[in-house]
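Labels A, B, C, D, E and F are assigned to the chains in the order they are written; within every chain, residues are numbered from 1.
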Amino acid sequence: MIAHPLPVVYEPIVRAALAEDLGRAGDLTTDAVVPADARAHGVIVARRPGRISGLEIAAATFAAVDAGIKVTLESADGRDAAAGEVLAAVSGPARPVLTAERTALNLLGRLCGIATATRDLVTAVAGTGVRIADTRKTTPGLRALEKYAVRCGGGVNHRFGLDDAVLIKDNHLAIAGGVTEAVRRARAAAGHLVKIEVEVDTLEQLGEALAAGVDAVLLDNMTPEQLRGAVELAGGRVVLEASGGITLATAAEAAATGVDVISAGWLTHSAPALDVALDLEV
Amino acid sequence: MIAHPLPVVYEPIVRAALAEDLGRAGDLTTDAVVPADARAHGVIVARRPGRISGLEIAAATFAAVDAGIKVTLESADGRDAAAGEVLAAVSGPARPVLTAERTALNLLGRLCGIATATRDLVTAVAGTGVRIADTRKTTPGLRALEKYAVRCGGGVNHRFGLDDAVLIKDNHLAIAGGVTEAVRRARAAAGHLVKIEVEVDTLEQLGEALAAGVDAVLLDNMTPEQLRGAVELAGGRVVLEASGGITLATAAEAAATGVDVISAGWLTHSAPALDVALDLEV
Amino acid sequence: MIAHPLPVVYEPIVRAALAEDLGRAGDLTTDAVVPADARAHGVIVARRPGRISGLEIAAATFAAVDAGIKVTLESADGRDAAAGEVLAAVSGPARPVLTAERTALNLLGRLCGIATATRDLVTAVAGTGVRIADTRKTTPGLRALEKYAVRCGGGVNHRFGLDDAVLIKDNHLAIAGGVTEAVRRARAAAGHLVKIEVEVDTLEQLGEALAAGVDAVLLDNMTPEQLRGAVELAGGRVVLEASGGITLATAAEAAATGVDVISAGWLTHSAPALDVALDLEV
Amino acid sequence: MIAHPLPVVYEPIVRAALAEDLGRAGDLTTDAVVPADARAHGVIVARRPGRISGLEIAAATFAAVDAGIKVTLESADGRDAAAGEVLAAVSGPARPVLTAERTALNLLGRLCGIATATRDLVTAVAGTGVRIADTRKTTPGLRALEKYAVRCGGGVNHRFGLDDAVLIKDNHLAIAGGVTEAVRRARAAAGHLVKIEVEVDTLEQLGEALAAGVDAVLLDNMTPEQLRGAVELAGGRVVLEASGGITLATAAEAAATGVDVISAGWLTHSAPALDVALDLEV
Amino acid sequence: MIAHPLPVVYEPIVRAALAEDLGRAGDLTTDAVVPADARAHGVIVARRPGRISGLEIAAATFAAVDAGIKVTLESADGRDAAAGEVLAAVSGPARPVLTAERTALNLLGRLCGIATATRDLVTAVAGTGVRIADTRKTTPGLRALEKYAVRCGGGVNHRFGLDDAVLIKDNHLAIAGGVTEAVRRARAAAGHLVKIEVEVDTLEQLGEALAAGVDAVLLDNMTPEQLRGAVELAGGRVVLEASGGITLATAAEAAATGVDVISAGWLTHSAPALDVALDLEV
Amino acid sequence: MIAHPLPVVYEPIVRAALAEDLGRAGDLTTDAVVPADARAHGVIVARRPGRISGLEIAAATFAAVDAGIKVTLESADGRDAAAGEVLAAVSGPARPVLTAERTALNLLGRLCGIATATRDLVTAVAGTGVRIADTRKTTPGLRALEKYAVRCGGGVNHRFGLDDAVLIKDNHLAIAGGVTEAVRRARAAAGHLVKIEVEVDTLEQLGEALAAGVDAVLLDNMTPEQLRGAVELAGGRVVLEASGGITLATAAEAAATGVDVISAGWLTHSAPALDVALDLEV
């Protein structure tokens, strides 16, 4: 059961997206061409196969334009859809249905795209026990939704922001003068519910991190061989996260090294949208 | 000279993006690990070749965190960058530089990605006189910036929203009962500075549109052969826009048919981000 | 059928207007003087004759204060009302009815005032085929609603902002060095759904504009004689808009010259509010 | 010395007004036609005589678009301007000057219009000691600025909202069952810094109000004869405010009756904008 | 009957408070541990005795998370509760009940705390006719609600802000050069519904204030003896407000001096929250 | 070195607080009484001893009203101040200094109050190695600032919201059917940088939590004896947090039991404000 964002979180995003599309004059075309009493019935379909995410948010988009639009979900977030599969039925007054269409689909297509990319990467490492995680490389303004889409794809969420965990990166290390000192400073400042992860480039740094007692280590841009060395060195004492340049093609090999987590920025910054459409009978 | 969005337009986006990343507690890591008086100097580089867009917005992101950060642009929006090319120099207090880094790069990478995809499509039709246009399939909240990125890539902008032009689509046609009646209604309602475009699937509809005197016709999902037929039929009387399923691979053939504009939703909804990074000497 | 702004557009305006009137302490008088269980029944009436605009927005204002207030419309936007005519019936708990009253009437009176002024100008040119248009000289924050009121008055909307059409004015011409060059630049930059209008003071400039192939020409502050010359010169090739100093008294003469559109800023910046009131039986 | 609203109050209004005019695409015309390095110099002039209000807000509008625009005030809020008089000099980069022009003038013209109407009414009662006051019939969203404009015109401000004083109107009286009981309830609830005014239609009600010990009485729609009777009856014990249907033509007669204040809703809801313009040398 | 703030006033506060607690990822614990179909039933109880304020706002907090949560009030704002007393019953889907709990209780506990402190001070002066008033020393963002809580405690509200009455303090006096001149300036500027209070340290200043004809005088940090002298000097001509350092222990003595109002900043800036809790049967 | 919130975080709070105090009409008193050219010089002093927090935010409040006000800090957040100690010098135009005064002091006094309460509790457990933590019982809208104040007092921050760590409470346990199952569910859902804490009432539950491998355990309302038992049972395997009913008087005894963290809601929900004032020479 994937926890869905609450309306108090996504409704402002939906309203802002609608306002962006409506501008000051609203839907010139629909207002001019479609009679006020026309009705529309139709279905939201996936034109291509993919993992679904954002159906309730799409439904809320129609409702935000006109509370009289009825959207009946035929699928659910977290399920796979075949090409051509019907995801939801939409019926109501034709004008607001047409006006809301693009905004609803923009949100749905983007979230399905991320969920699908995540699912594909999860599938690529199936059976290894490795978890697929996102990053903070998300679209400005949409992080809560995009990280939800990653969960719909079977992934887990890395930090939601700079403020919910410590991740000490190369520049922090350089300024602090090394892993030991950086971790010491972080531990002194962090509350007892804040985990500490450190990014390392070498096994030497990893050794230092293990000695410093961190919760997790990000192995940055390591080769499978290096990753194997890291797994051996860590001996299960910390969570090991492989990150940097891992693709669908290389994920299985990375996963086979025994790391715990593989994270990939492209799940959110470069996943193509899923092609979703509203087919109306009017 | 590509017109840049004004600060009054992009600053709220930058501030919201920063607030999203900072959350309530700010940058736990940097605040703990980096001394308040540490300085950082570095460069923003393109890890891969691409078309630049968003440099000033990235600079404004650093400035929004700390007005004492100095960003010197070494490239400019609308220029191409080679892999490894330095786009800007950044220097200032280390803490805010590190805190702003991800938000700045998220914005820059996304806009460069869109600009690069657009440039590639523009290049694919070079010499034909065909213009490459975006669509309304943009990221919720970022339309103004993403359409700017399209311009940086050499493209032109289609409608910014439902309210700045009439585009009569298949569902509108079905409800209105055909092209002639739909255009009649649109013209009756539209002000004198509103253009009218109609989406057609067949040459028969195109003929009807020409008779109705529209400003532009969107030729939806037509084969090159159909497009050629449309060009012949239109005889230069309207702007012809080919749309639907046109890729980098097929764009040249579509352009060769003589249409005026090719539009593609994937420029904004599926362009992968350009890999940009901040390399610091600390 | 005049397209009404969607709630997603006008509700934020209504809520901000209520917050402005309620301040921090709410309605001191009503809260002190009116018992919580008192009921109120009444009617919104037009004290003077006019064209109605904003009835649903006024109803939404009452509902925003208390969802239990029932407003039954007895007229409709776009209709004319006689002096004393009942526009709507209002009934519900007395406190929120009294609290919402002024904000609802402020919105309604302003929009009716604009609609009435527009209607009068439309009436003044009746039979000529000339359309009456507004300008961007609207009240900050209320443009979407005020332009709707113009439509309720029988007018059409000019640009909604700087971003939905090109209108090259005298200063642009001066900087660009003339009509031909300015239009050339505008055409190069504008997307295919953006119309181009140019403002001219002389027939010589009009000739240049016609040669440049613009979509429309704004004839600025011309005498009827000049307007007639312009109509003759244009020969139906472009939309001609007469603007500048045209009043109710002079509109018929201007319309008789054969121009297509007459625009007037005073429809929105100087139309007196219509006197509307809430008559309660308590 | 008229107290000017603080930037923290008016800047959000200015920014929202600019955003409304710029939309998503900004100033299409200026961006296309005006070179980025062009400079503009010019003056803001009053095309017609009037009382000035809003000059600093207009200047802030230019600055909000581009901090490099320099606006030098040649007049000041609260002064009178002759037709053609220069109010301010504007110089800076041409693009933002042109982009900000309409929003700045919309704000300035509206505020000058209100200030001018107020000044005219103040002038009409000059020498009588009567003060001219506004009402809550202001433009939604602009109350703070419009009430400032009234002060610039020599008027004084009535309530800013429902929450800063008690004004018991006819409907309140009807529900409470009369002046005595309504005032009793109001006094019991109101804090010690809240004044209580009651609206009366008859001298009998006025007598009741005097007995109840209110701070002020609004004499609603009374004839000069009735007003004189009220003045005599009150004998200086309360502030007497004449309101309802008082025009420039009838104000002197009303003032001569000896009332203390004359209030008029049309100062804010129906004052025509003053014609102000930006004349550039480019 | 204490007038409750309207939803249009408190709902934005509730939504912002929820957004603050939910962050970007929502309620990690509840989403993970509680099944989507679990139901919860429980009661909001006062762990300690106190005066109730904010029950409807707490109910609205649950509803803002999920409209399916039913809250039945068992007490009411303005009533006293014994330790352990049930204030409301809550039932609905378990997840949103748990997610909303802390935000609802934070609001309720704070407002009850202020109401209780006010009630205690009111009780301390019972029988003297003295009114207890708050100040502007409220929590940023919560003034409307905190001043409502004061009313629930039996107090009355002083100014809601800098803009609804004149209160001339020591620094104003110093700059103006004395009471007489300061009051003269204030009266010249203030509208006829604005009361004028002056803060004085000595009986000499009080005499000056009485001569100047102010509406109220704030007696700052005076001893009971000084207060008695002030009451004698004033002879009922103005409202006398004792302020500064008055505690629960000293209030009765201050009240006995014959002043009209006692105001205390600690009612809002330092009242401890009332301990309220949600006891669930799950 | 305590990390200060960034301006992008606190400036919106400051601006909203000012807008709340200024209302629509601004500072009536100062605008009327103080000449526009008057200057003010003064100092912010602590009337009582305490720990300082919020000095830069107070300074930013003055600057938000008028950029010409100069605030020179004489102390710093995180330092102790004696009664009467000067914290900062303020000089600039008198009007904005007086207008900003209350808002600046409201923020400063509240944050100093929380910092002082925290410091006192930290002092009470000095030498034990126990850390003092806050809770989520903060003021709606001010959590980021209040948690900063806790850090200024020497405390550490517990969760900032529902989304940055898992804290399984009694109701979660009841629904999940026990500690083991609840922790299993939490671990399955949580990302690798999310810590898991469980609240227990008994040593039996603690044993279950230890077996389940949580990161921390909240010992709810336990007696010192129970706490000692818990410390013994845990044997250093998890962080132990004592919470519930611990006061300044009982903290030392609780700390002596060997727990790691003591958390207290009253640090933020019930700490009295520190008395700070602005003493001007005018």
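Criterion: a contact is a pair of C-beta atoms (placed from the backbone, for glycine too) under 8 Å apart; a residue touches a chain by one contact, two chains touch by 3 or more.
In this text the structure is predicted, and so the values were computed from the model without any measurement.
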item: Rotational angle, Cα trace of chain B fitted to chain D, multiple of 5°; value: 120
item: Longest centre-to-centre distance from chain E, chain (CA-based); value: B
item: Of E-F and C-E, whichever chain pair has more C-beta contact pairs; value: E-F
item: Chain F against chain B, contact positions shared by both copies (same if over half, else different); value: different
item: Whole-Å gap between the CA centroids of chain B and chain C; value: 32
item: Between chain A and chain E, centroid-to-centroid distance (C-alpha), Å; value: 44
item: Centre-to-centre distance between chain F and chain C (centres being mean Cα positions), rounded to whole Å; value: 51
item: Contacts with two or more other chains, residues of chain F listed in rising order; value: 3, 20, 22-27, 31-32, 35, 99, 143, 157, 160-161, 163-165, 167, 189-190, 194
item: Touch-based graph of the chains, sorted into line, ring, star, complete or other; value: complete
item: In the complex with chain F, residue positions of chain C that touch it; value: 20, 23-24
item: In the complex, chain D residues that touch chain B; value: 15, 18-19, 22-27, 31-32, 35-36, 64-66, 96, 99
item: Chain C - residues contacting chain A, complex; value: 1, 3, 5-6, 8-9, 143-144, 147, 157, 160-161, 164
item: Complex contact set, residues of chain A against chain B; value: 13, 16-17, 20-35, 38, 40, 94, 98-99, 102-103, 105-107, 109-110, 113, 136-143, 160-169, 171-172, 174-176, 182, 185-186, 188-190, 194, 266, 269-273, 280, 282
item: Chain E-touching residues of chain D, taken from the complex the two chains share; value: 3, 131, 133, 156-160, 163-165, 167, 189-195, 197, 215-216, 239, 241, 260-261
